[in-house]
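There are structures below to look over.
You will see two complexes here that share chain A, one where it goes with chain B and one where it goes with chain C.
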Partner chain A sequence: MPLKETLNNAHSHWMDGSGPEADIVISSRVRVARNLAQLPFPHLLSPQQAGQVIDAVRAAADSAAVREKAGELTVIRMNELTPVDRQILVEKHLISPDLLEDFERKAVVLREDEVLSVMINEEDHLRLQCLLPGLQLNEAWQLVNALDDGLEATLDYAFDEKLGYLTACPTNVGTGMRASVMLHLPGLVLVNQIRGVLAAISKLGLTVRGLYGEGTEAAGNLFQISNQITLGQAEEDIVAGLISVTRQLLGQERAAREALSRERKEQLADRVGRAYGVLKHACIMSSEEAMRLLSDLRLGINLEMIKNIPASLITELIVLTRPAFLVHAAGRELSPVERDVYRAKLIRRKIAAAQQC
Partner chain B sequence: MPLKETLNNAHSHWMDGSGPEADIVISSRVRVARNLAQLPFPHLLSPQQAGQVIDAVRAAADSAAVREKAGELTVIRMNELTPVDRQILVEKHLISPDLLEDFERKAVVLREDEVLSVMINEEDHLRLQCLLPGLQLNEAWQLVNALDDGLEATLDYAFDEKLGYLTACPTNVGTGMRASVMLHLPGLVLVNQIRGVLAAISKLGLTVRGLYGEGTEAAGNLFQISNQITLGQAEEDIVAGLISVTRQLLGQERAAREALSRERKEQLADRVGRAYGVLKHACIMSSEEAMRLLSDLRLGINLEMIKNIPASLITELIVLTRPAFLVHAAGRELSPVERDVYRAKLIRRKIAAAQQC
Partner chain C sequence: MMECERCHQRPAVIFLTEITNGQKRTMRLCEQCAREIQAESFGFLPQIDLHNFLAGLLHNEFNPPASGPAEPPAAGARCEACGLTEAQFARQGLLGCGECYKYFGERLEPVFRRIHGTTCHAGKVPERTGGRVKVVNRIERLKLEMKEAINREEFERAAQLRDSIRELEKELQQEDQAHASERNSE
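Then we have the complex of A and B:
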């Protein structure tokens, strides 16, 4: 049973720090939107029809075609989970916050390594997701494509010869695909070039967000870059375009880091050292401060200024110190003050444990 | 030769963290002003007469009476020292900044452990000082008194039967004595009671200053309390009065620390932990920040939250990270930025060395 594992462990394969360009590219994600031909889009579904969608996907997920192409999957209805457990799935980026609204009619499909997941009855009947560490957009696309093929062997998708896959929101019509990369860009932030770089990206038809969705500032210098256009471009072209832009950003971020190492060596060492010292010894820490200091520490690890902490621990800590994970780890509700105390303690312990390995 | 030792080593006996009440009382000091009967006060001395004073004190310091009562002393003319070395004597509290002005006509007498010193041709011909760790005002007074007796066997002091010892400034006439204690009062600062407490002290005829003289704010929560009145009170009464006030302050500071430990435990642990982490890992540190963090760390050591650093190291670091000591340790002039880098490095090294013992 993968679920218990998922909830007790902050770690997902996407956080393990592997994959190409992992010093800057935290993760690569491909999501596709699919809908069943015979039923209204989710916002118009009756509870009974919503159940039909879930049952249809459950049957498809259990099919030999899916098992062969994508491995073993587990379907979990959202109402089987506690509110905290539902929130944890959001914090691990396995589902979107939208899946928490009207959750009685919604479900999630998970592979044990959490690389593949499917949201059922979110904005569309199905949203297939593949999430991998590092720059692996092609690999993510291939895995999503394999799962998609497996499901389509059973399910009848809403598809139009001219438009492509039909979706609840017209902005997803066509390929129904969103590809994205999560980048850690502290260098560009520190040399004050991030604004210009991101403005240029927007002009290429790409969208930039923070780690936790549209509303959040780019806390921890983590930026998600994704395609805006789904219509009129083949999936492979969308992926290739995003990879190309990502490679440009990698070059710019590395140049910024080199300039910092060369011209502001002491300031950089001071920043990294202070982050390390405070994370190791503070007893009260807000979410915002944790994100900021973990970003500084990650930069220090990548620049080999800090050597006995793996970069993957930073990604894990960013997820692990989100509110729902803290409540889950504590085993009870926490006041905001208690949360800050618990967060600091968890960070101290995890760093100490990593250093004893 | 004690001088080289003095300059290469920040450590003086007064910093060693011994003595009663050493958790709060850093040091106790007694100073007396004396003048030679046959010569004008220092500001009216010709260079030749200034040399006569130095020669007279040198002869007295070498006398059997002084050796027997106060031990072996070395006389050093200020113009034998480099500007940095002169500044170091100020930073170690062995001489006042005034001894640096017109230094060609001035000198200092030092005992090897730096417990006893005499400034020659500062405001008065002689200013005898005893500086001891912890609350040892009576002991300091007895040592100064013994040195004074030894010197008086050779020297002819300016003394008036009615007024007592005559001094250049009338505020010192009488006993010519200033007794002071240096207190670390972070608890009273944190519970916001320090203002009220110090206001009450001023009404008792006592003066409050920061660690480095009148002009400085009480950096590092270090407060020097001294008597204002020298006339009409016996030396023993001045000392007893200051001890009594100090004991009251000790009670108030301890009550504040207990209240903090009880009611703001996490905040206190956070404050101490952050100070420790930043001091151990920062690479750039201003003098002000160092004082603030060292104060927090000292409180943590006294409250046994930090166990592998002796409190005496904190006092030593406060002295060692003053500008002149840094220049001396670096062996060359330092820009303000370099000084902050050097200060941080020195603190990191000293703490690491203490923890390896």
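Then we have the complex of A and C:
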């Protein structure tokens, strides 16, 4: 059963550190919103109608067209899962937190490798998602596009000749597409250029937000950049625009890292070394501290200051040390203090294991 | 042991600092209260914020600032398919169904223009149900390409594009005629 593995395994294909530009681009994601023509949007559905949507998608996901274009998919109603299991799907970025509200009427469709997923009855009837490691936005769009074609072979979508795909929120109408990249930008943060860079990006019709952070604070120097405009541009153009901005950012981040290793060599080595030391030996660690230190260590790995740990382990640890994963790994509820102890233990164990191979 | 300032029951384990208008205030909270406060202030930020923001836009669009005597709401300010009213829409920022786009269409156009800068879809069209739109869009794209080819003085390429456009237009015409005769025979 693929689902059990999903929950037991912190690892997902998107975290494996492969893909182009993986030193900075952690993952690429494409999401599209689709609605069924005959039913009201999810927030107006009766429980019965919500069930109808799930059944219709289930039938479509089982169809030959979908199998051929997108592979084997499993449909899971959210009420079949425990609260911790549901939270784990959020922490792995396979579903959004919104899918946890009113979860009796919602469901998720997963492919075994977790590259493709579909949220059912979130804000729209369907939200198709593809998540890949590294800078692979084109590839992600192609996979979502194929899954969409497969589903559309049996589902009637709400589509308007002029406005495109109709969505519950008018900000998504048109392509219904949100493409995004998750970037690790410790260099730009350290040289204090990040604010200017992000301000420039927001002038290009793109949205930037810190991942896991509140407001503008980005925990672990992780930033997500996505398109804001969904109407008037073809999907390929949206993807191409985001790729070109990402490439520009890659250049700036690499220049910042280079300047740091040239001008601030000792300070940088000290920072990375301290992070490494604390992660290896600390016994109590909060989630904020873990994010900060893992970010420093990842930078050290990318700059080849630390050689015996793969960068993919850091991405995995960022997910593995989120609260629901810790509870799941421990097999019982944990108090905040216990959680910090467990988190430190897990990090020590994982780093030690990586160094042995 | 310090107790939570909010519920006065559980132990305080989180210190929450808020800065409002330059005033700093620190609260000592238990985990549950902190989470509740977080959910109120910065819980699941992006989606909700976007809706609030959009709802604000729509509110202004649907309720122009009172300059003269307030006009009563226009008749038919409700989607006949799902029953959603303009007021509901302005409050939530969410439409009720696909038909809403027809009922609220004119009022929505300025909003689209503000958010997206346009009111016309230029992307994917459903494979099975998109039929005619697909061909029309393809012709538009080819015309654009042809124009660019002419600008670059690549006339051979432009001629090829012109031929493809003609072929597609012929296809459309034949389809339309077929539809028309179908309708007549009905």
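Everything that follows uses one rule, which is that the second predicted complex is superposed on the first by the 351 of 357 C-alpha atoms of A that agree within 3 Å, B and C clash if a C-alpha of one lies under 4 Å from a C-alpha of the other, contacts with A are read in each partner's own complex, and residues count from 1 in each chain.
Methods note: a residue touches a chain if its C-beta (ideal position, glycine included) is under 8 Å from a C-beta of that chain, and two chains touch if they have at least 3 such contacts.
Note that this is a predicted model, so its numbers are computed, not measured.
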item: Chain A residues touched - chain C or chain B, whichever exceeds; value: C
item: Contacts of A:A269 with chain B and chain C, given as first, second, both or neither; value: first
item: First (chain B), second (chain C), both or neither touched by A:G277; value: first
item: Which superposed partner A:V341 touches (first chain B, second chain C, both, neither); value: first
item: Contacts of A:T230 with chain B and chain C, given as first, second, both or neither; value: second
item: On chain A, positions contacted by chain B and by chain C; value: none
item: In the complex with chain A, residue positions of chain B that touch it; value: 266-267, 269-270, 273-274, 276-284, 341, 344
item: In the complex, chain C residues that touch chain A; value: 13, 31, 42, 44-47, 50-51, 54, 81-82, 84, 92-98, 101, 108, 111-112, 115-130, 132-133
item: Chain C partner contacts - residues on chain A that touch it in the complex; value: 35, 37, 39-41, 43-44, 96-98, 123, 145, 148-149, 152-153, 156-171, 173-175, 177, 209, 214-215, 228-235, 237-238, 336-337
